[in-house]
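Take this structure first; my questions come after.
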């Protein structure tokens, strides 16, 4: 067993904190650098109550942290999209490179291992098609060559490409829950493409640690609403995963909602079976597909899928049912649940780190426990 | 202005309490009888803090209350299905009737006005097709002849049949939110029938005042889950309304979820436009349809539809949007929100009372206010 | 019945919104001016869903609003302390005044009625002793002469001074709940002075509509904590009320806590009876003192005092008990509950307006209703 | 290192579940028996998602479980008071005993080690004085001789008596939080005895898994209230701990409140310093007393003590401040926070198990982590 040194940049956001907690107990990881403007100069012990050598580490400023990060084996970026874009550029400009500004050489630096492994938790490298950025993120992507170089880190569906990756785009929380729920059914040709609807709801930590009028307790508590209807930036990311699994573009609609709770995403996915396909076989196919996955559990019924069953863990619980009432023959409903900060962010990042490093995939993750109640 | 005497049976459940509060201030109503086993003998003043003559009224036992209720002009049944079935039979067995046990004479008694107007808040008389009861309610309906006699009390869609009604089936909370959202679009032929999905979430008062392990605070708080997936008894009720508006059976799928809040239902309704139909015209049609409705507001965007905007009022807020991203061309999303205890239960019952009595429809309802925040 | 024109400055904060809602239905008030930077230019209809002529009114900017406010009969300041200080100065500098900058003439202008009646909901004029401002508010009071001119608007205890007032300091939310609970017992000499402890908890709207990291949902939800322990600015305000009722300084300790709910303050007040005083007589004295108060209800037991019993109303519920276990003989516990935005802010401001205008004290307030549940 | 076999009776209540989770990962414990009527026949894997050999264990019925429990090294009773009373009798009636019904022989059996170590999480053996049971628990204690034999398991205050114990009364949740906050100050003579007030608030899991109208989500959510004011059964338990530390009876008043959250107790404790005692020294004494305690942390200010800082862990956080405002000279406020299901129940039970077994006190507990946020 050999150790790797890891940096977390953006360490005081909710995903950064969760990553710190997980990696602080990861048996193969040595946390070397935690960067955060908000907590600059404080110790991890003071902020997170973690003891030992990790606890003594102090938060460094984000500005200029790439110098130290460059000497780590892996860097987790828990930063906003624009900061991630800038940091990936800085981290891939290795000093040995003849011409750091050449796009080709940057992708090369990443690939050749002269730069650290980068796992980016933002949306900066998730969409393979650069043309989607203006429409959904509001800017033209400055490094389209890196989009091709980046692996999309959803292990249950795309594990092979993660294995040798040097730049991993860690999936969004909604896209993780949605794709796990139905991608296998598209892969096996069960679904009538025009029929897919993904209705999902998230706790407030999904919005990060932003201070704004609309996120204060008095506004969110006892309310429930949809937001960014038919224009959320996770929609093209979900479509991309479904298309890759189906082998062709798959129309689909996604609506996110805001829950007055802290953690958890529940996605209720609707699809219609292709004529002649047996719904029971679809459910069996789901179970078979995930049979040996350590972090996906297919339950007997969608009614058993709850947030409290997964919060605090890296697990995704799913359950499926089909219409037996004759009100809508051929309809299939698949429900999935994850903790948006774990399987939907920091936990999945560690899962990707394990895969890219060649370590056991569940290392440092299988012991994560939720509460009951 | 002339007064009517009203009884509320099942007055200590959440819908019964809400009905009491509304009717206590209704200018044309004299509350005569409130029946509740739980609060038998207590005054309304003691239990609900309502002053004046209404406050002095004491809760009577449900058992035997039909004698007094029979002399009221109207009776609200806020009782479970089985109790409602029994009470409607007792209330329609008028003493003058030659043969009270003849089904035909019972419907006749209701129609002839020898019995009080009955507004039933349970599901006992909502489904016109008696064959749906065994499948969704678990019993064969004992009075199929009354199903034909009952008006379905969703004024915005079926006002005319309520006007002369003697037995009104007050709609379920989910069916109210769902049907208001899209029935007008079916009526005007905008929607591709096979495409309708209704994803809805309700606060816990929708489950009533049941004491059971699964409803205690420790179990519900910070959780979110679907329940009765593809077998909820409100599904056929929604299908019935959609079919009546479309003029033919309309396949549709409905999934209810449980929110960790007290009040409110948000329904996110998905449909596909018929090829060639213009989505902007669909939204215009919604606005036109509800233009003069006192209790339905069509907002500019589905993002503006919130529970806090309607809780405490008899209003239904709706908003619609269509796909402009090319991820799912032709997709329409309509979101609606109501307070499940007001527009989804007691408020709508009073609205139906007003219509059946020939009073102004908003009497006693327009002054209801929510809180902010 | 004659009308009065009223302005609300700071109309988009939570107290300002609540005041708008109440005054929009107040039979003797005509809302003339609503000032808010946040909502400048929007209509009340758009922001609060209030119809009619009031709904058509548009929010004006706070800057410069004193010109229009000066022509109203009364002005409610729902503004931060510093803005209130400035506005009271501007409003009392009437044009007719020979020398507006003379402190004496300003107090005179207020008293003579050349300026509108001002009801200030901030802490700017609550403490009669100017020396308390540096210690608890962090600044030297710029207008100590106005402190003497201001009436402290807690009607149940100090109604007489409100009657002719031109400047009313509307009490803080905690001081309202605390003083109502035990001031009558001090007035009648029941309590051992050194023994008074006030432990209180408030919903998040008490902190106003601030956007800051510490008030976002993810931070507040599922937590509970004390804040500003032994240094909260409401402590001297409570002490002042108790001292006025007792006729001498009364030592007391106050600790506020933050509840993960939106509305409501519960104060649990501890005191020891003077040796020889009968606890049953103390409870009787409380009931007698509040017997004809429209907004204070003394319940049979402190266990009956709940937030849900008062939220949405201008009521204060209280209940008292004494030690019968011999664990702490002579101990008395009095619990009080109010809605911090109504009896703790906007509702009490309207109650003060009614008194100062010579109207019935419950006008526009008695119809306020909460929800159940 | 040698293992011990442990039974948990009442394993499906919230404390029983928490004990199961902790002991399933305790390196020295082999879970042998889990008894629960509710989950009889189900596996731990199915109910709690725990894998491995522990997960394969099935819940046994409580009735008759004493036979198997008797062969374990230790038994945790997470049962109601009456069941605990009965089970302790059954477990101490060892077969070898000549006369099992003789009280003396039962205490002897416990002491001699012929019966398993029993840790009872109910209140059945917490009060040394049998006379307190009728007043606070409503029954005459059937085994007063066992009250003398039982150790009170609050390690930070009474560690020595736990070391050799065979019957341990695990403290109540409120008494744990309250006694840790101020017992050291009484021990060292800092406090004016007549001045102690303990105001505390608990999440709903403190009430256990009871299904009753008053605990359903719709009733508890958005509310806050005190309960059992001046008659809660934890009051004499707190008084007992304070008296033992002070060396004489200490008058004190305790008021519990119900928080609309799941987990956590915050106790705000008020006391007055004896004349002449220095408050800074009192705070120093607290820090010194807990300096080497693994599970008690004294923070710099009571404002830093939060529930989210301790929930999910076996820690107790405390913070103290004294009056510097001259509003109440000599007043001290100490605030403590625990997770009621961990340090207030199952975690403390495991801490007691570790001590009684002679194992390291933090074994199986130090790795417990909370969430943030």
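Letters A, B, C and D name the chains as they come in the text, with residue numbers starting at 1 for each one.
Keep this in mind: a residue touches a chain if its C-beta (ideal position, glycine included) is under 8 Å from a C-beta of that chain, and two chains touch if they have at least 3 such contacts.
Since this is a predicted model, take the numbers as computed values, not measurements.
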Touching both chain C and chain D, which chains are there?
A, B
Could you find the chain whose CA centre sits the greatest distance from that of chain C?
A
For the interfaces B-D and B-C, which has the higher count of C-beta pairs in contact?
B-D
Whole-Å distance, chain B centre to chain C centre, using C-alpha means?
40
Counting only Cα atoms for the centres, state how far chain B is from chain D in Å.
48
Give me the residue numbers in chain B that touch at least two other chains, ranges are fine.
14, 205, 218-219, 221-222, 260-263, 311, 373
What residues on chain A touch chain D, complex-wise?
14, 17-18, 21, 25, 48-49, 205, 221-222, 262-263, 309, 311-312, 367, 369, 371-373
Going by the contact rule set out above, which residues of chain D touch chain C in the complex?
135-136, 194-195, 197, 199, 201, 218-219, 221-231, 235-236, 239, 251-253, 255, 257, 259-264, 266, 268, 270, 272, 301-303, 305-308, 311, 321-325, 327-329, 331, 333, 335, 337, 373
Using the touch rule from the top, collect the residues of chain B that touch chain D in their complex.
14, 203-205, 207, 209-213, 215-222, 260-262
